[in-house]
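In the two complexes below, chain A is the common chain; its partner is chain B in one and chain C in the other.
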Partner chain A sequence: MKMSFLRREGPLIFTSVVAFFLIIEYYIANSQLTLIATFLNRSAMIVGAFLLGFGIINMTLIHTKNIIQRKPKWPFSLYLLILLFVTLVAGLIPPLGSNYYYLWLFNNIYTPLDPAIFSLIAFFIISTAFRALKIRNLEVSLMLLFTVVVILRNAPIGPATFPPIGWLGDWVIISINTGVQRALNLVVALGAIAYGVRILLGVERGYLKGAG
Partner chain B sequence: MSLADRIMKIDRRIIYALIFIVIFLFSLKPMGIPVVTQPWVIDTYKLVESLQPGDKVLICWSLYPVSNEQIAGAVVILQHLCMRGIKTVHFQTQTAVDLVDDVMLNKVHPESYGQVYGKDWLWLGYISGLEAGQAAIAQNLKGTVTVDKYGNQLSQYSLWNELTNDARQFKFVLSPSAETPGTAGVLRQFQIPYGLKIVESGSAFSLGSVMPFYASKQYWGMVAGFPDCAAYEKLIGKPGIGSRSTDPLSAMGLLVFGLLLVSNIAYIISKLGGKGGSVK
Partner chain C sequence: MFSLKAGVTSTFIILIVFVIGMYIYMKISKKGMYFRRIPGLDALEECVGRAVEMGRPVQYSPGQKGVTDTNAPPTLAAITMLSYVAQICARKGANIGVSIMDAQVMPLVDQSLKEAYLAEGIDQYPKDGIQWLAPTQFSFAAAMLARLRREKPAAIFYIGHCEAETLMIAETGIEIGAMQVMGTEAVAQLPFMTAAADYTIYGDEIYAADAYLSRNVKTMGSLRTIDLGKLFAMLVIIIGSILSTFGISILTQILKW
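Showing the complex of A and B:
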């Protein structure tokens, strides 16, 4: 079998056949079809699990190359690889994913670091809003108005001390926001359908990167 | 430089210091600011209250990374489920490894409600494949997983032997989510094919994106953010992290409002001052 068929036409045909089958299975209640669809779903899960390992290998190759070639900021690549393999080794000590060392790394380093980084966002957003949200034109003024309404609505003291702010905030979220979100969801869904049809027909080949 | 210009060009470190001081002061002594109970919180509470002891609920965790606000709603709903004697089955679609351990064992404490692992709650662990994993759980629960997160055979647990492959055996699906596949995946794999009720919990940020689904009753209820969590804690009579967080949240809201007001007043004064209004 030619290599070009395996790299281009083969994956395209396979994708189209599997996708059409799953679409047909979704609309037709048949136990045999459901059995095959379940098998395909479980296969996707297994491939997904393999991708995690593939990601680790890929990262190792890229950052090892950075270190060997002493590219700019190579110490960060070394730092990343050390952390990656320390965590990997800790996680492989039985019981898998539940041993003392792995839990210590997760509970005492990873878990506090994540919210700490996210909490920094509050400082940056507020100082940026202080400088940027000014009544310069109609659009910014409207944005400022709705920002203030929603912020005060989300702060319990807002509706507690001035109930109309709660009603106005709820109206913004339930009416205006819902309408806009529905429009966005519809557009995204239509785009996804169009993209899916293109993949089914083999027109879209982005997932065959390098071979399509 | 006029006062208005000085205010607009204020050193951001002063703003950072103000934020820190306000949060610190309001965290020290709770003021007990009342919270408004939203309709989606009441719907969630009534749904849990309508269940009978022994009913089963599926928990689909799609949280990664984890902050207190993202899990606060899930914690209070799980406490309510434990109080009502409802059995829960947990699985994750993200690799935030010990999320369920941390939530159930360190925050919910099911043993304090008489719940036993294997009999009243199960943790199936991480299911790979994101939405494909959700689909596999929905279509063929018992064929998808054979061991729990700890590596033990599920067949030894009485709760597992009560379960079937019918997704409709669950009274509703609780979806603590912030990441892919999150809301959309649970909707496509559980609500649309099987008509299961879905309850969402997450940060206040997710409220806007989930509201269209709640408005159309595809999502039965929500507990989004600390205010909703505080309201739910008040309904079940167990103050917790939501109630503790409302005062700093209120303080921050007032601070942001004050800062925006001051900066815009300074801007208007500066503009009205004309060409001579600022000196470089």
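Showing the complex of A and C:
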């Protein structure tokens, strides 16, 4: 009974009280409330940062197991662990986070790799567009038409050869696209408020105890 | 002393009315109340069933954000949905793997899986399947793509806040022949999901998962309040547009109050 309270009702009450307090602080101007809210927000950030260590432990355990059990492609696990701990040790050399070795790893390995992965998205977009824009019905035909208009509006050749494509493309982006995006944002906000209220009232508890 | 902050009075009143409306709807809602279909949520069972038939695992990711910032709602909604997917996996005997980007969600994911398996009478849950891959977007994307190609899941669920990595994951899913259910509140990613995934759960629908799947009368009632909120927003937009056209700014002033 006590264990059940600690695992279910306890977190639920704690969540509701903290959430209610933060909502009140958002609307009410009071320096004491703001102080407590700042403390709560900072506490959440500290707990969040602490949990990064949890992630590293999880990663280390899984890959150590891969190596010990000689699972397929285990050398990659070894490689990952070596890099993880080399970066960790480099980061711990004073001055913390800004020493030569850490910055070298960051600037020469991490920084070039990040945009390299991002650039792959161009190829993924092409293959998705190719599949999505095959004319099958009226909706896809309309989507293709608007896509061509927007592509031509953005490519220099479009406005140069056919000037009205500029305002037509602007109209599609400003009038249609922005309108739909705003409507979706509005709906998402309403959904998030309702979800928040359900959590606040303790009705929504799927995230706490599993399966409703 | 206690006084309302400047510029928030109107939103405060709207919020109070919304909460009261929701409370009333939750009280008066009855069993068997109609709610429109959400194909993405209906497909959870089908996707897991397909994975079992093919003898391949299920892959789930609760997006890229944690639970301590403004992106917490989609992450919590994703964890709620994970509970249902894990329970189906436990029931049907599918192997589930969870890929995590923000380590904050690890304890929640772990607990969700444990409880879901326990609910089906299974003590052992696939703890090794829960993997924290990387803390940054493209490192996570690279690790996720590698995991998908290595494990070749037959069903991929990518729910929660996401950004450019969505399309990479969806396209890789198509290449390995996985059935995909994706959902997000990030409006900019919805077109990519629509184009690449088999089922897309749009915007606020991800928050409806618990109510929709559990058929809980109270939470179903709260979904009706959202529809009323949409109606109210539409009316405000239409009336506001008409008034603005004639140069009357009273509604704008009220909303800025």
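Brief remarks follow.
Here is the rule we use: the second predicted complex is superposed on the first by the 181 of 212 C-alpha atoms of A that agree within 3 Å, B and C clash if a C-alpha of one lies under 4 Å from a C-alpha of the other, contacts with A are read in each partner's own complex, and residues count from 1 in each chain.
In this text, a contact is a pair of C-beta atoms (placed from the backbone, for glycine too) under 8 Å apart; a residue touches a chain by one contact, two chains touch by 3 or more.
These numbers were taken from a predicted model, which means no experiment stands behind them.
Contacts of A:F118 after superposition: both chain B and chain C are touched.
In the superposition on chain A, A:Q181 makes contact with both chain B and chain C.
Looking at the shared chain after the overlay, A:A29 reaches chain C, while chain B stays out of its contact range.
In the superposition on chain A, contact is made by A:L190 with chain C only, not with chain B. Contacts of A:R42 after superposition on the shared chain: chain B is touched, whereas chain C is not.
After overlaying the two complexes on the shared chain, residue contacts for A:S127 are found with chain B and with chain C alike.
When both complexes are overlaid on chain A, the residue A:P156 reaches chain B alone and has no touch with chain C. Residue contacts after overlaying the shared chain place A:G55 against chain C, while chain B stays out of touching range. Shared contact residues of chain A with chain B and chain C: 26, 44-45, 47-48, 52, 114-115, 118, 127, 129, 131, 181, 185.
Interface residues of chain C facing chain A in the complex, by the touch rule stated above, are 1-5, 8, 12, 15, 18-19, 22-23, 26, 66-68, 73, 76-77, 79-81, 83-84, 86-87, 100, 102-104, 106-108, 111-116, 118-119, 128, 130-133, 135-136, 138-139, 141-142, 150, 164, 167-168, 170-171, 174, 185, 187-188, 190, 192, 194-196, 202-211, 213-214, 216, 218-219, 222-223, 225-226, 229-230, 233. Partner chain B is touched in their complex by these residues of chain A: 26, 34, 37-38, 41-42, 44-49, 52, 91, 95-98, 102-103, 106-107, 111, 114-115, 118, 122-123, 126-127, 129-131, 133-135, 144, 147-148, 151-152, 154-160, 166, 170, 173-174, 177-178, 181-182, 185. Of all the residues in chain B, the ones that touch chain A in their complex are 8, 10, 12, 15-16, 19, 33-36, 38, 65-68, 95, 97-98, 102, 127-130, 132-133, 135-136, 139-140, 143-144, 149-151, 193, 204, 207-209, 211-212, 215, 225, 227, 230, 246, 249-257, 259-260, 263-264, 267-268. Note for the complex: chain A touches chain C at residues 26-30, 44-45, 47-48, 51-56, 58-59, 62, 65, 73, 113-115, 117-118, 120-121, 124-125, 127-129, 131-132, 181, 184-188, 190-199, 201, 203-204, 206-212.
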